[in-house]
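Please find one structure pasted underneath; my questions will follow.
First chain written, first letter: the chains are A, B, C, D and E, and each begins at residue 1.
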């Protein structure tokens, strides 16, 4: 669905940087651009969105040519219908949270969608605030919600969860995963978080020094990079305590003891010495 | 005391300012985003009406607009417009003369905006015009206000061009600045003083209101 | 600068410029006294003199302004009338033949006069109109110049088809061959008296007085006549 | 052709503009950061010189500066300053008259800056002045340029105030705009035209250079 | 050394937020503010730095009163000598990278310090660039370097590594830890990254709904929160391969097999079936 083969000359930390990126994504792909800081991830998204001039090459989406340097075709950003979460958010300072989302709403669409999104990103009572008085993470969530208002077929997400705490990050990752599948979106995510990538992406594109060095599943990529993304570990319950209306389990994994709180009503699912499976979500914050 | 000149003055200033906003916005927008080699030339030309003494500029307008010269004749024959000694002529002359006061602050304001705002709006599928209207203009309110206040105040005090092209016709082109000038020339200082004072007070009140609302002082007061 | 201070400063109405230049040349030649002209409108010059402008002589195109100064005790003596202005009707339109009868013609859209409130030629033009009893027809056509100079610009640019101006204008070297003019019957307006005063604050009182007196010499009066003014001896 | 009026004009415009930058910066800074109730009043007052016809304003200056009145007398006796009919007087009058053209764009520029820039400089221990000078001003270049161009051009074309307070003294207060006026009065339209043209061309070149350098066109050309 | 007890009324996502924070830090402390997005972490730092007006309370540093609402004392930010990495970087757009750092340099100090810092944050060839053309992570590194130029006794770091990839993040964490100890700094870090906190901070201050609910070591805090910060796991080497000049170890941990590349010269330290200890650094990216 997305075929991209572009070249661009940029400044790099070790002199000039020749960005030369090839991407081939299918409809429904959830791809992740993975690479060191300054390697050209944001620039790639910006060129795909038509915000940065491309030196040379071609961008084709759904058999439509968006950009071609020899044929001198260059679609305006307005005509490339995609959702984009900017790394620096780029919220409109003159509009409240609600208005920022309202501005993105296509004609005729119901405002219910806005309320739902505001609820989802947990900004209910802040919807009347201007971005300037929001916290960093709150601004990031507005940026995400705004990009989703149009329900675009292609989503570009530039480190959309970097300023969020574990709880809301998990929740929004789950939501993103769900709408990605539900609406069969094609999504490109930039992230430095291996766990996040493993959870969300079916394709990881590794960029080194401006070139794509590897395109594979996250499992494969991270294994080769020597990065373990999601351990499936077994532990043993060695203590069960009641604290208020919570149940605190102490679990031993090898020499480590960790504690986990669960709702009291799940009490009868756990017992001492029981073996229990713990996945990465559990360990990593 | 004859109030017509005062009424005429505020009519002229208001109409001129409104037209200026409409003309200056697209011009300033072009100046900000163009990479053309003509750009610095246009930028310079916009400021040039300021450089000539108003009466001289007025004289050139007079010649240009006069039905006996090519341009004025064309206006007269094809559009039925006689710009000399008419209110319409005053408006056009004032617009040209005050153009830099509106264009330049707006241009500076737009140039100071972060490009990511435009980009974000474009990605959301918004046209340049909607982006300008809903995103860029609301974020350069201070600069726009500067342009409006400068143009408005300048049109009120403007005098040389207006005198030349308007012909000082009572109830038509005799604005307050000319009335005051007449009184000073006639050594009627007390009459000039009262005119000036009234002009000053009314304008002061208008601008004070504008600034107070803009600065949120009115809101603060009611809170 | 010092050279300016040695010169005799003569404040004069801007529309007197040509005649004054000729007069000053003649005066300097006769006496060896150097002069410089300060041009502005009579109203502005009067305001400036009241506030201590460094002028020696004020040669006005009117009597009202010198009289005001005299009443404020700023002059050495009463203003003296050195010339009378003559009113003419002037047009640049090749097809128009200036006459008092034609100014009421409907095809004529604009008649330029100087501001009657401030300019003596404007006041005189207004008197002509009133004496002819054509105010009602003529009023809607009138456009007012700040001074005679602006009337000239209105006429010269053909924005106004015709206008009342000073004879000195149409006789000036620049305008001599330009357009056509008609002298207005002097009985239709009170004479336009032009006065001269020597200023009390002058730092060159003797020379200033000498210049004021010079204006009444035969040489000066013939120059004034040549430039289109009536001189007192003619009366 | 007498060149003194032209030289005088550019001297006046340059000196006035320099003084205006120095005066307007602190004033604009105060206007941006003050929360005082006087603020909208001061803002309004700054624009007010525009509202009066220049000759009338000049007339008030004349009276204020004249040694016959209290203020002028005080200036004369205690500071030995005679502002009427002197170049110094012209400069002061021009500064006051052009004040809004400098203050308002700078104020709008400063107001549009993100507060985090100031904050970052403060945290680094930098004083308000260093912050203004090194951080804020360099980031409002477009607005500052607007102020400079408007003031400069306006001072060149300014005429009413200058004629009234300056008194048209050759080589001292007879600037180009007045020389042009003289020629027009003398029906010397061709001389007035040539003066205007020269004034226009010189100013055009100056401004064109300023805009071309500012827009990076010169750099582009040499590259 | 830092005693802070302040109150401030803010907007929160569930209506008004009453921020009420007490902090007591000793010289040499490395404290971390930990809490959900919008809980008041940035606001706390801003009030400590004198950038946000405090409603009520007192801030005392080194026995000097910086702020006291009843005594109406309020030191200017300039007089509070501290280094601050802003969440939104706040770089000076008119200055190049080098000039941004030069601006921060105290009078008389050597410019060598600037070059060293630029080297440390790996921006060598970008030092002549303006911030606008830098990538997000590059900007963040400039912000960190700028805050360190003055070698301030107190460091406030608002998510200073959030936009960085694993490699440079590790490196800068190590560097930060080193200078913190070397110069006996007092540091307050805002971070959502449990691993980072565990590695750097000796005190974690948990903020919930605008109030401090817990102050303890990271071990204690995260155990109670049910967050495992740093597993110490044992695995077994099941395969050793040579790839170019690298050695690739396959290691089994329970049912998981992970791969890790190490330099070839370490070859004789590893052998098949050897038990090997793996710490958190290894798992988390």
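One rule holds in what follows: a contact is a pair of C-beta atoms (placed from the backbone, for glycine too) under 8 Å apart; a residue touches a chain by one contact, two chains touch by 3 or more.
All of these numbers come straight from a predicted model, not from anything done at the bench.
Peer 1: Indicate the lowest number of steps between chain A and chain B, counting one step per move to a touching chain.
Peer 2: So the least number of steps between the two chains is 1.
Peer 1: What are the chains that chain D and chain E both touch?
Peer 2: Touches both chain D and chain E: nothing.
Peer 1: Considering only chains that satisfy the touch condition with chain A, which of them also satisfy it with chain D?
Peer 2: Chains in contact with chain A as well as chain D: B, E.
Peer 1: Just give me the whole-number Å value for how far the CA centre of chain B lies from that of chain E.
Peer 2: Between these chains, centre-to-centre, one finds 54 Å.
Peer 1: Where the CA atoms of chain C average out and where those of chain D average out, how many Å apart are those spots?
Peer 2: Comparing mean C-alpha positions, chain D is 35 Å from chain C.
Peer 1: Distance from the CA centroid of chain B to that of chain D, rounded to the nearest Å?
Peer 2: 19
Peer 1: Using mean C-alpha positions as chain centres, tell me how far chain A is from chain E in Å, no decimals.
Peer 2: The separation of the two C-alpha centroids amounts to 23 Å.
Peer 1: For chain B, write out the residues touching at least two other chains, lowest number first.
Peer 2: 55, 59, 139, 181, 184
Peer 1: Which residue numbers or ranges of chain C touch two or more of the other chains?
Peer 2: Within chain C, residues 44, 47, 153 contact more than one other chain.
Peer 1: Where in chain A do residues touch at least two different other chains?
Peer 2: 88
Peer 1: Every pair of chains that touch: which are they?
Peer 2: By the stated definition, chains touch in these pairs: A-B, A-E, B-C, B-D, C-D, D-E.
Peer 1: Given the complex with chain B, which residues does chain D contribute to the contact?
Peer 2: 37, 39-41, 43-45, 47-57, 59, 100-101, 104-105, 107-109, 111-113, 139-140, 142-143, 145-146, 149-150, 153-154, 156-160, 177-178, 180-181, 184, 192, 196, 199-200, 203-204, 207-208, 211-212, 215, 217
Peer 1: Would you tell me which residues of chain E are touching chain A in their complex?
Peer 2: Residues of chain E touching chain A: 11-15, 35-38, 41-43, 87-88, 122-126, 129, 133-138, 141, 158-159, 162-169, 192-195, 222-224, 226-229, 231-234, 248, 253-256, 258-261, 282-285.
Peer 1: Looking at the complex, which residues from chain B come into contact with chain C?
Peer 2: 55, 59, 62-63, 65-69, 84-85, 163-164, 167-169, 174, 181-182, 184-187
Peer 1: Which positions of chain D touch chain E when the two form their complex?
Peer 2: Per the touch definition, chain D meets chain E at residues 114, 116-117, 119-127, 134-135, 138-139.
Peer 1: Which part of chain E faces chain D closely enough to touch in the complex?
Peer 2: For chain E paired with chain D, touching residues are 49-51, 76-84, 86, 88, 90-95, 103-104, 106, 146, 150.
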